Every structure is written in structure tokens, then in C-alpha cells.
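Some notes on the structure that comes next.
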Amino acid sequence: MDTFLQITISGLTVGAMYAVGTLALSLLWGSMGMLNMAHGGFIAIGGYTGYWVMTVLGGHWLFVLPIAGLAGMLAGYALYHLVVRWMYEREDFSVNIIIVTVAIASLVENSLLNIAGPSAMRQPFKIPSGFKISDVVVPYQTLLTLAVALVMMVLVSWTVNRTKVGYVIRAVSQNKDAALLMGINVQLAFTQALVLAGGIAAISGVMVTSMTQLFPAVGYDTTIKSFIICIIAGLGNIPGALTMAFVLGMFEITVQYVFGQRYGFPAMLGLVVLVLIWRPHGVFGKATVNRV
Amino acid sequence: MSKSMLKIDNLTTGYGQRQVLHDLSLSVPEGSVVGITGPNGHGKTTLLRAISGLVPVWSGQIFLNGTAIQEMPAYTRVNQGLVHIPQGDLIFPDMTIEENLILGGYLAPSGDELNRRLETVYDFFPRLFERSSQQARTLSGGERRMLGIGRGLMTSGEIMMLDEPSLGLAPKIIDHIYEVIAGLRTSSPTLLIVEENPTRLQSVADWIYLMDDGAFVWNGSADELKESSDLLNTYLGA
Amino acid sequence: MNKQKNSTSSINIRRDLWIGAVFLLVAALLPIIGMSNYVLTQVTLFFIWAAVVTQWNLVFGVAGVFSLGHMAVFAAGGYVTAMMGLYLDINLWLALPIGALAAVIFSLLMGAATLRLRGPYIAVMTFAIAQGIYALIITDVDCFIMADLLCLNFTGGAKGLIHYGNFGFREWLGYSHRLWGNYYMGLALLTLGLVFALCVMYSPIGLTFGALRDNQICAEARGINRIRFQLLVFAVSGIFTGLAGGVYAGILGTIGPDIFSLSLLLFLLSMMVVGGRGTRWGPVLGAAALMVVDSGLREIPEFRNFGLALIIILSMIFLPGGLVKLVHGIFHWQPRSLIKLERTDQQLRQFQNQKTSKTKVY
């Protein structure tokens, strides 16, 4: 019973982090067809900004999330204006952007390595200890992580479904040409999507690094897992991706408990490969009509 | 000589290395309906897409109400008064009819104006009003066409370009669509219509251009076209 | 029309043969002319990486299958070769083909795993597979063999594999010329690998890969079995990649999980991208360019990855066709495309004259 509880709590936490990751990735994939391999960079930027705010600036913990979010938004803006903007109109965009964002991920990691050094640090944005349910300790940080993730999911959902910005992003993701013909500034919509994705990725970065550690390559793990979760759900399907994030998070933790830590990711990957053989567009994905 | 709402000078463009349009020139006088017809695959849709900015222009000029727009990004051309109702409708599949229409009115200056336009569209297309909260992806071909045109009406510009309004529709629905187009002349008097079926076009157009292989090989009044069956035979096998 | 096409490709083949022969001659003579050991090793590495990228180019550039897991195929070849030497005491020369076979099988499996996926999905999944293998190797901490109180992991773990033998160059050529053995081995690998890749590209199979890349739906509509060809390209590209892995293991004397690193992936990716993906000489040109740039970047090791990343980004933005396109632009293509347009204009004018003479009747 205790093990079950422990697994559930860990699984939910991990799932929550993946869920936020899939939000950011789906947003960009859906609106622009952009697979952002630099997502890990946003996570790292968020984590380091949080650390910097509390340690170097000596700021109050209340400021951490908003400032990290801001840093992420700036990074998203920079990514659009310095790189994506020039590549969007060209053919093979979906492949080229993967290559470029892989390069950018490395660039960010390298920069952080030079600025902050390679050693892993503790993320100070952390609530110590927790409470007990029977024999299992539920860390307060876990609850905070879940709460933050939930808030962000609600925030993104509200933005996408209720605001004009979200309305426009949805239109652009459903039919970019039609959106242009309505007078919608599609470039602006992309910028907004990248800014939003950057912001939430950075905030999730603060939480991720508080659960693990803070080091330059911290974002890669979450990125690749969030990606394969998006794919198994069906790229572009946000509710599906959120669901699969928790399902796969639980799956990974269970495998780790039963077989050992090292088998978590490979098992997750194996599951995704198998599911994709059966349903290549993802569990909830729709087969898209490709016009020749 | 009434002023031309849309004027194209020596337009040349294509896709990649392949040239599709060769040195095209045309003029759409204000308040008139101009048609473009010709065999499929010869560049009619490419022309409209070049005018609205979905396809970049290699050389030549496009004047909308006197302003050169060929360098402008597509979304600003809409602001200048150009409405393009594209081939294939290009509706937003996961939104309702009403949401689609509201997006059509994206540039409307006020909420009141938006509502006013919405009412006009619903008057033209009562079917759309009935199904206003239905998902666009569930619509039939005729309903999609109506939605496309309705959306264009919401955008409400100086000139409206329609690309193949009768494509893939049953004759009765085409009748309805062309009734609407005829009725459009009161609210949106300047129209440019691409239509593969010259008969339909003759019923609404004042002036018709014949396109073959990306070039205009003939232009004249609708009556002239009606009279010369040879012309129709050569290019359209009519 | 067909005769025209055949003559252009035979012109291309002849030109490629000449270019290849010249490079081969120069490369073969270089050590004899005189080279420091450092440069010798660097050029040997260049041969190996260039060989890998030419094969990767078949999958990524020619067939349009965006696999980011190619280094795992390389690793399969290298690790299996090393393990054959280490655990079964097989002579490394004999272990090479075994490593190549393992690489082909692994590549096939990767192709099968991503069979029904399209485009960017394949990139993510192959990348994930490579990372998964990396994770398994890095976390391999169980002792497989105890050698004098030293715990050795099956895959070598984070430290990697060593002491599995070598190609015997020191015995044959003597200590001072042992690096020459590595050099010529690398050269042979690149030459054979490149010839193989060019043969594939010129063959009907290569053209089919291109057709599937350019317009999959059309190609399938014409009866091309995408599944068969996707598996084929993965298998075929695995041969020399696996060999390269084995050669790498034999020459360096050690093989470890660092070959899965993002920086090496980026390094090879930039070779393909900067050179010109899908082209015949792009991988070699790109490899040469990047090795040169890298020797400069090594002066500032903290910024090496930064520099590589910047090169990729800049070349994707400003030089999308790669160096090959740049070189061609200097020599050929511009006049040709002008001729093409001129002819179209002429044809059109003729046609319009015909038409207007007809319409004059009305």
C-alpha cells in the first residue's frame, strides 16, 4: 500500500512536469509546425534564473516564478526574432527547425556552462520537509510542483480558449493561409506562441530543478520525454498529451520501482515505439490529410 | 473610364524554379465584375494567390485602389481592402460556423460593426444561422462554400476575389451560390471571379479574361464570349 | 529525352570519378610528403567522420528520412567490434565485419521501429532511441567480469571498453609508422564508403529514395513500396557506418558512451548540413570544412559547442544549400537556369503569336 502511494505521488509529480512540457511543445507544434528541441534550454534558463533571483539578488521567493517566467518569455521572443523568423518561409521548415533548435539547445547549455560552471547546484526555491500519509512522506515541494503545474495548465487553457491571442493562435494552427486572408498577422501569432511557450517552460524549469538539481544540461531529459509523450498522444492534441503525460509518468516510475532506475526511460521509450507501430499518429491523433 | 480598383501589370511568378504566370496584365474597374476562366491547372488560382500575397511575386506590379501592394505581406493587403475567398474554402475545421465568421471579421473596427456584418451574412445564408454552433469540419460541401463566402463578406473589403465558387458542388447549390453572388453586387460591387465553368461566369461577369498556360490569351465582354463558340471550343472544349 | 538524361548522369559520373581520383591520389601521398603525427591523426579522424556522414546522408538527405539516431548505429558497430575482441578474443580485422553486421541489424531495427512514422516524428523517435541506448550504457554498473579486482561492466559503462586488441599496425609498420596504418585504413574506409554511397545514389534504388523524399504520396501512388525502401536505406547505410565504428574502436583503442554525446551529434550534423544534405560531395566537403574549423575551435574549448552550434544556425539561415551549392554557384548553375527561363519565354512568345493570329479572326 505504501509502495503504491509512493509510486502514485512520484508518478503524479513527474507526470505534472512532463505535462507542462507537453503544453509548451504542443503549442509550438500545433501553431507553427515547429518541433522545439531547444525546450530544454528554456527549462535551464528558468532554473538558473530562479537560482539567481534568490541567491545572487537575494530576492524573496515570491519573485522567483514571475521573473523566471519573464526570462523564458524573453528567450522565446529572442528565439523567434533571431532564428525562427528567417526560416519559416523556406521549404523543409519542419526538419530544418529541428536541426537548428538542437543546435540552440547546445548553445544555451554551453553558455550556461560558461556562466555558471558545470557543477550541479541546489535550487533554493524549495519548501523543505513534508507531511506523512501512513508511512509515506509527501514532500511539500511535490504539492507545490503539482499546484504550479495545474495553475499553468489552467492558464494556458484559458489563454488559448478565451483570449483573442489564443483565438488567433488556434486559427493559425488550423489553417495558416486562411488566417492570413482574414488579416491576421501570423508572424505576430508565432511570436506570441513562442513567448508563451518560453514562459511556461521556464517556470516549469524552476520546479524541475527543485526536484532534481540545477546543472546546464538539466533540460534534456524532460524535453525528450515530453516529446515522446506528445508523439504517443498525437502531436497537436493537448488534452491527449496531458493525459498521456500522467500515464507515462506513472509508467516510468512504476518500472523504476520494479526493475531499477535505469530502466525507466528505455521502458517508456519501448512502450511508445510499440504504440506507434500500432497507431502511427498517436493514441488520440487524427490522421491528417496531406495535399499533394 | 471608371477608376480601376485592381490593376495588375506584367505579373510573373511561379513555384520554386517553375514559372506559372507569364507577364499578366489585367484591370478590374470599380463596381464591375470581372471573370477569369480557362482550363484547370493553368494558373488561375496562382494568380489570385499572388494578388492576395500567399504566393510571392517574381516581377510585375499589383495596384489596389492605386496603391502598389506586391511587396506588402498578405495580412496587410486585407487591411487595404482586398478580400480573397480561396479555392477549397480553407475553413477552420475545429471551430464553429460562428467562430469562423467572427474570425472573418477580425479587422472589424468595433463589436457593433462585427455584429452588423454577422447579421448581413446570416441574411444571405440562413442555413449558416441555423447551424451557427456546429463544428465547421462537419459541414457539407455546399455549406462550406457558403461559410467561405460568408467569411469573406465578414472581412468586407473594397474588392472581393472568389476562386472557383462552383467547385465540387451540385447544380442546385451552384444556383444558390450564384444568386448570392449576383446579390453581392449591391453591397460589394467590385468582384473578381475565377471560374472554370464559363457559362456560370457569363451570367454575372461584365468582362472576362481567358487564361491558358499562365497567360491571358483573350479578353472581352461576356456577350462576346457567348457569341464565339470557337474560342470556347479551343480552350475549354465546351 | 532519355538519351539526354543518360548523358548528363554519365557526365556527372565521369566528373565524380575524376574528382575522387584526384583526392585519393593527394590523400594517399600526403603522409609520404610529410605530416606531423597530430595532423595525421586529425586527417584520419576526418576520414572516419566523413565516411559516417556519407552514409548518414543516404538516410537523411537522399531518402529524406530524418534520423537523428545514426550515432547509435555507429556505436553498434564500434561496441560489437570491441566486444568481439574483448570477450571472444577475435582478431579485430575479423571482428570488423561482425560489427558491421550488428550495425546493419541495429539500423534495421531502428528503421522498423519508426516505420509508419513521418518526418519530424522520426527525428524525435530516433533521437530518443539513441539517448535510450546511451542511458542504458551509462547506467551499466554491474560487474560483468572481475579482472584482478577490477570491475568491468558488460558495455564498459561510463568508462567505455578498452584492451580489446588493435589492427596490428605497430607490429607490421614499426612504431614510427604505426599511425600510417590508421591513416590508410581510414582512407580506405572513406573511399569504399563514398564509392558505395555514390553507387547507391546513381542507381535506381537511389532515385527511388529521392522520389520518396520529394513526394511520398506520388511515389507510393506509382507503386513504390515505401516500407521496403525505408528498411532498405536504414540497412544499407548501416554497413559502412558499422565498419567506421569498428575502425574507430580499433584505431583509438577505446570506445565509450561519449560517441552518443550531443556535441558529437551536432558536429556530424553540421558536416552534413554545411556540406549540403542530399548531395554527392556535400558530406565530404562539410567534413573537411568542419574539421578545419574545429581545429580552430579547439583553441577555445569552453566555446567549442557554442561555435559549432552557431555554425549550424548560420549555415541553415544563410547557406541552406550547403557548400556544394556555393561551389556550384561559382562554377555552373546560374547560366543554366537563365537558359531555362529564356527558352520558356521563347516558347511562350511563339505560342502567343499562334494564338493571336487565331483570335484575329474574331
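We just call them A, B and C in the order they show up, numbering each chain from 1.
In this text, a residue touches a chain if its C-beta (ideal position, glycine included) is under 8 Å from a C-beta of that chain, and two chains touch if they have at least 3 such contacts.
The model shown is predicted, which means the values in this text are computed figures rather than measured ones.
Top contact pair of chains, counted by C-beta pairs?
A-C
Measuring centre to centre, with centres taken as mean CA positions, what chain is farthest from chain A?
B
Report, in whole Å, the distance between the mean C-alpha point of chain A and the mean C-alpha point of chain C.
32
Quick check: how many Å separate the C-alpha centres of chain A and chain B?
That pair's centroid distance is 42 Å.
Could you please state the distance in Å, as a whole number, between where the Cα atoms of chain B are centred and where those of chain C are centred?
Whole-Å distance between the two chain centres: 49.
Spell out the part of chain C that touches chain A in their complex, as residue ranges.
Touch list, chain C to chain A: 66, 68, 113-121, 123-125, 127-129, 131-132, 135-136, 139-140, 215, 217-218, 262-263, 265-266, 269-270, 273, 302-306, 308-310, 312-313, 316-317, 320.
Which positions of chain A touch chain C when the two form their complex?
Answer in residue numbers: 35, 83, 86-87, 90, 94-96, 98-100, 102-107, 109-111, 113-114, 220, 224, 227-228, 231, 235, 261-262, 265-266, 269, 272-273, 276-277, 280, 290, 292.
Can you list the residues on chain B that touch chain A in the complex?
52-54, 73-76, 78-79, 83-84, 86, 90-95, 99, 103-104, 106-107, 151, 155
So in the complex, which bits of chain A are touching chain B?
Residues in contact with chain B: 167-168, 170-171, 174-175, 177-187.
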